[in-house]
Structure formats: structure tokens, C-alpha cells
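Heads up, there are several structures right after this.
Presented sequentially are two complexes of subunit A, the first with subunit B as partner and the second with subunit C.
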Partner chain A sequence: MADVIFIGLSLSSILLLIALGLTIIYGAMGVINMAHGELVMIGAYTAVMTGIYLGFNLIAALPVAFLVAGGIGFLMERAVIRHLYGRLLDTLLATWGIAIILKQAIRLEFGLSFLDIHIDGLGTGLQNVAIPAFLNQPWSIGGIEVQSYRTFIILLTVFLALVTWFLMYRTSYGIQVRAIMRNADMAAACGIDVKKVSSLTFAYGSGLAGVAGVMMAGFKTVSPDMGSSLVVDGFLVVVVGGVGSLLGSVASAGFLGQVNGIFATYSNDILARAVVFGVVILIIMWRPQGLFSFKGR
Partner chain B sequence: MHAFVADRRRLEFLAYALFIAGVLAMPLFIDAFWLNRIAKYLVYGMLGLAIALSWGYAGILNLGQGLFFGFGAYMAAMSLKLQSYTSLQQGSDKPIPDFMLWNAEPNAPTDLCCINEGSFLWLPFQAQWFGMAMAILAPTLIAYLVGSAIFRLRISGVYVAIITLALVLLTRLLIIDAQPVTNGFNGLTDLGWLTIGGFEFDPYMTQTYYLVAAGMVVVLLATRLLVATRAGLILQSTRDDPNRARYLGYNVAAYQVFFFTVSAAIAGFAGMLYVIAAEFASPTFMDLTFSISMVVWAAVGGRASLLGACIGAILINTIEASVSESEMLQEGWKLIIGFLFVLVVLFMPRGLAGLVNDMLDRIEAMLKPGAARPPATTKTAAATAAEKPGE
Partner chain C sequence: MLALSHIDSYYGASHILHDLSVEARGREILAVLGRNGVGKTTLLKTIMGLTDRCTGTLVLDAKDFSTAATFERARAGIGYVPQGRQIIPDFTIRENILMGGFAAANGGGRIPDTVAELFPYLMDNLDRPGGVLSGGQQQQLAIARALAMEPSILLMDEPTEGIQPNIVEQIEQTIVRLNKEFELTIILVEQNVRFAREAADSFVMMENGRVVEADAIDGLTDAIIAKHMTI
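Moving on to the complex of A and B:
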């Protein structure tokens, strides 16, 4: 039983890692970022590239991926998303376009493929990233063997969730974000630089996606297509948890991860995912505002 | 000249007539290979149209349209699979899909009723009409049930998108998991041909093209007439302001369910025609990418215009097919699609159809004697809806 819970916990932590950035972007800014999965993918490729060219291991790649994905997110917000605030479904479509662009950029090696120049680590092929040796040995608590890499992911997720919580609820920046979340016009009237805060928030959420990507690279093969299905997972977590609620995302990631883990143990992975989708549909129909949502007007 | 441009109804009629004439004249200009391709893109055109109906007219963004397309495709493919010579081989006189024989238990009876646990589901599909009827009825029924559940609860906007998205992905997983009955990831291939009254529709024959083209033209015209009815107008009012429509005494949910179902039936019919032309059905029809692609086509063509969305789908796919000769070009084209899509959302939220409309406004203003009218005042209701915040 304990090992089933650990599998669930490990699935939950990955879900949360992906959803954490989305919670902020969707919750605070009302943007459905379909390119979120591709930002995760960019993070994974950052791990691949820094490994090849700079000899970084996964942990050293974390801050780099945060900066790279965050930078791309910042540019996305400035170039496209800024013009689409308040048009929720349009943001979905535009970011889908951006997702294709990011995917193709990696596939075509930033266009160099056309000139027949190939960069090691990019392109359509699959890439692998080695896990640092000290995260590779299993260790045991209370008689159960657990993988140390999975444990590391769980700890990192908890850490990032705490940092995000601190940023959002204990800093003046967080107060500004939450003010914009409730009412952007009113926030602007109170002297908050909505544009600046929005760009930074978007960059921060994107950076988190990059970090998630590095962790994914440790246990999944890295490919340009790896992001597409992740964004759906992220969204389900955010919507079930309640828009803009950090606690909700944590709870729903925990819940969906356990559901997935339990069903995967007793049937198979495909059915387990199907059950998760089913549960999500029922929850949205029952409470479209999500399980933990603040009372809006 | 001015009166001609100003008469938008007549211009629209002309556009429809030109488009339909073009579609019907296509076999005069291209060979069998391309004719088959274009037939598939006409089917995609129907999907664009179905999206425009639910998204542009009803304000319901369905990100799971692939569910209905896929169901239609699978239902039709099941009966065509049983017609296929591959199902009659291996020492059996009763048709059994080849993949069932390959995967059968060593001592399972070689009969469709009980070769494996789920194979009895295939029994009625021995009759071809059953598969073709189910291709439309099954999506219609599913859409009715799903739509009733969603719209009675007054779920709207992005939540509808997420529910339909989760639903199509859920169904895709179930189909992959039900491998003994559906052939899982591989889908249904090696299908037979549709046979009506002894005539076999070879996918590369002109007759098959006309079958698909006629189906599309009928759907296009019927849908265009449908949105001009009283029900269609009420539907548009529920899109613009559901609460006001409710206050005026209309049963908003009923209209939404009806048009959601019609849109699903069109997608199911499209799935059926696709299988006839393309000779396969696969779980990729229920991929996230495919369902979103349909929305992309409709958005580029014009979400508020049935004809625009239809042309958008055909155009994008035809261009894609012409550049797909080399892999590099194909990848490059995808990149262009990405950019194009961002630009369309940013600068032409009403798509190609909106662009044409704006150009006509300009011409009208130029031709009009005296004061020129600024084009901004001639926005249609659909255009305002497209820009409505929070949708």
C-alpha cells in the first residue's frame, strides 16, 4: 500500500510541477497558455544542451532552464499575449500557434536545418539526459525501497510550491499580482504597473515550466513533441483545483496523482489516465469554479 | 456597381455559388490522386464548418470535435472492414476482422460472435447500412447526452472547452485500451469499399469524389439555411447574451444542445465520408492536435462564416499537401502555420471572411457618392461577439 501511495505522490509532484506555472499564468492573468508544455520541453532541451556543451548535470541545469524558459515567456507576453488580455479563448488559440513555433524551432534547429547545419542535441530525434550518480541509488524508509530521483522531484516540487507561496502571499510583488487577479483596472488605478507585473508574472510561470522540463528530462526521453500532452495535464490540475488558488492546485495535483497511481497499480496506465479524465469531467460539471476557488464577484 | 457591392446577400449567394461550382468542376482539372486528396480536404472543410457553427454561431468552443468525427469514422470503418477481403480469408466463410484472428486465443471459435469478449459488438456491422447509419446516429446521440449534461448545468466558455477536450482524450484512451475490439493504436486499416446497389465506390474514382462533394455541398447549404431560421437567430442571441435571452423566455439550453448536436452530426457524417475516401480509421482522429487543428482552420477562414471556415480548412490543407513533397518544406510549413495563426488571432480575429467583408466595406465607402462611411460602424453581430471580453 505504501508503495502505491509513493507512486501516487511521485505522479502528483510531477503534475504539480507542471501545473504550478499554469496556476499563476491562468489564475493571475486569465491566459490559457497552450504553449506551457512547450516551455517544459524547452526546459528539457536546456538540460540536454547544457549537458552537451557545458558539461552541466541536471541540478546545475535547473537555474539555466528557469532563465531560458522565463526569458521566452517574457518575450511571448511582450509580443503576443499583452494584446489579448480579456480574450480568454483567443489566448488559447494564439498560444497554440506559439507552441507550434517553439516545437518547430527545436525541430528545425532554429532554421539552421535549411542550411544543412546540424546542432548536436537539437533536431527531430530523441535525446537522453543522464541522472547524476548520487540520485540514482534507491534508498529505503521504513522498509520500502524508494527511488532517490523521485524523492528529489517531490522535494523540489515542495520547495518550489513554498517559494511560490512566499512570493504570492508574503511579498509586495505578490500583493500586486493578487490585486491584478481580482480586478486589473482597479489595481491600475491604485498605481500598480499592471503591464510590468504581468510580464514578470508570465516570465516566472514560464520559468517554473522550464524547471519542470529539466526534471522531466531525467526520466523521460526528450523530444520536440513531449510538451503537447503535458499542457492538458497541467490544465486539468488547475481547473479542478480552482482558478488562481495555489492551495487548490496542490490539493488537486495530490488527488489526481493518487487516483492515477491507484488505478495504474490495479489495471494499467492507459485506463488510469482515462479514469483521471473521467474524474476531472465530473468535478468540472459539479463545480466549474473548481474545488478551492476564492469568492469572486 | 455600388448597389451591387452593397447588396451583401446577393454577394454571399454569389460566393456560395462560385465555391460550389468550383468544387463540382474539380474533376475536370486534376488527376485521380489529387482528386482523392481534395475529397479528404472537402471533409476537413465540413469539420471547419461544424466548428464555425458551434463556435461562431453558438459561442461554444468545442475542443473535442474529434470525438464525433472519430466515432463516425470508426462506425463506418467497422462495417467496411467486414466487407474487406482481408476479413474473409484464413479459412472462414463468415467475415472476421483479420486482427481478431491474429490475436485470438488458440482455441477460440472463429466466429464473430465469440472470438473474443467484445467481438459480438461487431455483429450488426455486417450490414453496411448499419455502420453508415450509426456513423451519424452515434455521434448525434453522444452529443445530445453530453450537451444536455453540460448546458442544462449552464456551464459555458472555457469550461465547455475543457470538458469536451477531456472527453475526446478519454475516449481515445478507451479505444486504444480496447485493443481486441478496436485494434488499438493501429486503428482499422485495409477496409473494403462502400457498395450501394452493387456499385463499388473505389476511393480513386470520380464517383467517390462526387459522393463526398455532394455530401459537403448539401451540409453547407443546409447549415446556411438553418442558421437563417428563427432558431438560428435565437441561437445567436444566446451567444451574445445568454441571460437576456433567458429573461426573454427562451430556453437557452435547448438551443445550445440542438446546435451542439447538429455540429456533432456534421462531424460524424464527415468522419464517415473520410473513411470512404481515405480507407482507414485511427485513434489519431481523437488526438488533441487534430481537434485543435479544426479550430485553427475555422479561425483562419473566419469563425463567424460557415463558408469562410470551410474554405479555410480546404485551403490550409491543400497548401500543406503541396509543400509536403519534401520533409524540410513540410516542417517549414508547420512553422508558417504557427506564425500565421498568431497573426490571425492578433490582427484578423474574424479570419479571411472578415477580411473580405472589410474590403467590401472599403469599396462600398469609395463607391458611395458623397460622405464616406467609416468601416468600423458596419461591424456585424458576430464580429462584436468575437471581440467580446471573457469569451
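Moving on to the complex of A and C:
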């Protein structure tokens, strides 16, 4: 049983890493970023590319992926999303379009494949990233054998969740983000530069997606399509947890990851997914605003 | 001094303010009067840059803010106490006040002494959530937040609306003190003619998004009120 819970925990961690970025972006800006999964994919490819060209291992790729995905997120916000605030459906379409562009850019090697130039590590093929040797050794704790890579994912997620909490609740930047989440007009009237804070928030959320991508590269094959379904998983977590609530995201990622892990262990992945969807439907019927949500939204 | 000239302001396709010119001289209280729905709140929102679109010029202390973003106007010294107070219920009183500090010249980060002097009750309850306060206390909190912006001019939208009568008097006294003692210019949207006559130095009367009368407060005759404010 303990190992099942442990698997559930590591599933929860990946879910949480994806959902954290989504929830602060959706909470602060009302933008459903359909390209969030593709930012995860970009993070995974950053791990592939830094591995091939710079000899970086997974851990060294983490900060690089944060910066690359964060930078792409920043540019997305500046170039496209900024002009579409308050238009939910338009941002949905626009970010979906960006998702397709990002996917194709990787698949077509930034268009160079038309010229028959190939970049090692990109393209339609599947890529694998090796886990550093010391994270490959299983170790036992109280008689239970646990995988060190999964442990690493969990610890990193806890660390990033704490960093995010600190940023949001203990810094001047955080109070600005939370003020914008609750009342953007009033935040602006209080002298908060909503556009600047929004760009930074978008970049930070995107950076978290990039980190999640590196983690996924360690146990999944990397391909241009790997991110497409993730935005759905991420949004399940956000909707169940309550928009803009960090605690809600943590709780719901933990819960949904466990449900997934338990059912996947005792039956199969497909049934587990169906059960997760069923649970999510029941929860949002019972609490449409999510488990944890500040009033008035 | 704040001067608006030939302002037209819109929400989406709705044209709310028409060729409107208003001037608030330094250290005066300017009362904005009129029936419901004539554009008084929109006037304040336009000054803050919170409507969808606006043409015309807005000049604050000889600087042009016609196209400035809302946060730049706030940082230039326009403090806003909105209708319905719009404090943030799940922020603590401290956080609600400090939120205004982002418009302050030094970047805020501390609660101004004026707030401590005017609202001792808030100072004693800094760590309670803003949402538990009564309507009158929430209004005080909204004023405290505006003061944290270190404004030179304060926009107040019906500050005594929906507040129990014994607190109304306190808030009225506060407004007068802010003007006389702390030398703030105040643009006051008000339905209460008695208080406008008591406190204001001049007034504008609005009808259908236009200014129909503007004068010193002594010129606010019963005839004008009968014509533009009785229903």
C-alpha cells in the first residue's frame, strides 16, 4: 500500500507543477493558456538539447528550462495575450494557435527540415533523456523500496511550491499579483502596474511548466505531442482546487494523483483516468467554485 | 488642480459622458451632484482611466494625463475611494491599506501616520480580514487605503451610501478634516445635498452625461435641486 501511495504522490507532484503555473496565470489574468502543455514540452526538449550539446544532466537542465520556457511565456504575453485581456474565448483560440506553432516548430526543426537541414534532438522522432546514475538507485525507507527519481520529483515539487507560496504571500510582488487576481481595476487604481506584473506572472508560470517538462523527460519519451493532453490534466487540478488558490491546487493535485495512482495500480491506466474524470465531475457538481476559493469570484 | 476638458467617455459602444468639462481647484471640495445614472461614477472612473475609451484632455497640476494608464494617474497623486468601497474581503486590514502604497512616492510599505490618527480602530485590528468589518468600517478602510496612496487629490464616490447614521457623521467629519487639516483636494460624488452644502466649496450638477450647472456652492439654489435632483 505504501508504494502505491508513493506512486500517487509522484503523479501528484507532476500534476501540481503543471497546475501551479496555470492557476496563477488564470487567476491573475483570466487567461486559459492552451499552450501550457507545449511549454512543458519545450522544457522537456530543453533537457534533450542541453544534454546533447552542452552535456548537461537533468538537474543542470532545470534552471535552463525554467528560463527558456519562462522567456517564451514572456514573449507570448507581450506579443499576443496582452492585446486580448478580458476576452476569454479569444485568448483560448490564440493560445491554442501558439500551441500548434510551438509543436510544429519543434517537429519541423524551426522549418529547417524543409531545407533538409536536421538538428539533432529535434524533429518528429522520440527522444530519451537519461536519468543521472545516482537518481537511478532505488533505496529503502522503513523496509519499503522507493525509487529515488520519484523521490527527487516530489522533493523538487515541494521546494517549488514553497518558493511559489513565499513569492505570493511574503513579497511585494506577491501582494500585487493577489490584488490583481481579486480586483484588477482597484489594483491599478492603487498604483499597481497591472501589465508589468502580468507579464512577470505569465513568465513565472511558464517557467514552472518548463521545470515540469524536464521532470517528465526523466520518465517519459519526449515528443512534440507530449504536452497536448497536459493542459487538460492541469485544468482538472485548477478547477477542483479553486481558481487562484495555491492551497487548493496542492490539495487537489494530491487527491487526484492518489486516485489515479491507486486505480492505475489495481486495474489499469485507462480505468484510472475514467475514475479521475468521474471524481472531478462529482466535485464540481458539489462545489462549482472549487474546494478552496476566495469569495467573490 | 485637476482640469478635465471636452471629455467623452465610453463603456464599449455606450457613450456615457458627453463633451464634459470640470475643474477642481487646489484644496477645495468639489461636489458632483445629480440623479442616479447621470454619469457621476463614470466621471470618477474616467479621471482614473478606468473606462473603456475616453477622448478629451485631463490635466493634473499642469501635467497632461489624458492618455496615461490608471497606475500612472494613481502614482501622480489621484487617490480613489470607489463606490461600494471595493476593499478586498480576504486580505487583512493591513494588506488592504498597504495595497494603496504602490501609488506612494516612496513605494509605500508602511501605514501612513494620517491613517493611525484618523482610524484608531483599524490600527487595533490590522491582522483581521477586511471582510469582517461593518459597512462603515469598510468605508474607513477604503479611505485609509486611498491615504496610503499619498494623494494630493481624493475622488470619493458616495462615501456615506448604505452606512448606519451614527457612522455617517464620523465619515463626514473625516472628509472635512482631510480637506481642511491635510489639505487634500476632494472631488465628492454625493446624493446628500445637506452635506454637500455644508462641506463643499463648489459644485457641478450633472444630467445625462453632461454638466448642466457649475458654480460656487452658494449658487446651489433650491430651484436647481428641484430641477435636476428631485424625482
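Here is the rule we go by: the second predicted complex is superposed on the first by the 296 of 297 C-alpha atoms of A that agree within 3 Å, B and C clash if a C-alpha of one lies under 4 Å from a C-alpha of the other, contacts with A are read in each partner's own complex, and residues count from 1 in each chain.
Operating definition for what follows: a contact is a pair of C-beta atoms (placed from the backbone, for glycine too) under 8 Å apart; a residue touches a chain by one contact, two chains touch by 3 or more.
Because the structure is a prediction, the values reported are computed rather than measured.
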Which of subunit B and subunit C A:L75 touches, first, second, both or neither:
neither
Which chain makes contact with more of the residues of subunit A, subunit B or else subunit C?
B
Is A:M285 touching the first partner subunit B, the second partner subunit C, both, or neither of them?
first
For A:D90, is the partner it touches subunit B (first), subunit C (second), both, or none of the two (neither)?
first
Enumerate the contact residues on subunit B facing subunit A in the complex.
61, 149-150, 153, 155, 157-159, 161-163, 165-167, 169-170, 173-174, 176-177, 288-289, 292, 295-296, 299, 328, 331-332, 334-335, 337-342, 345-346, 349, 387, 389-391
Across the complex, what residues on subunit A touch subunit C?
172, 175-176, 178-179, 182-183, 185-195, 294-296
For subunit C, which residues are in contact with subunit A within the complex?
48-50, 69-71, 74-75, 80, 82, 86, 88-91, 95, 98-104, 109, 131, 145, 149
Show which residues of subunit A lie in contact with subunit B when the two form their complex.
32, 34, 80, 83-84, 86-90, 92-94, 96-101, 103-105, 107-108, 113-114, 228-229, 232, 235-236, 239, 268, 270-271, 273-274, 277-278, 280-281, 284-285, 288
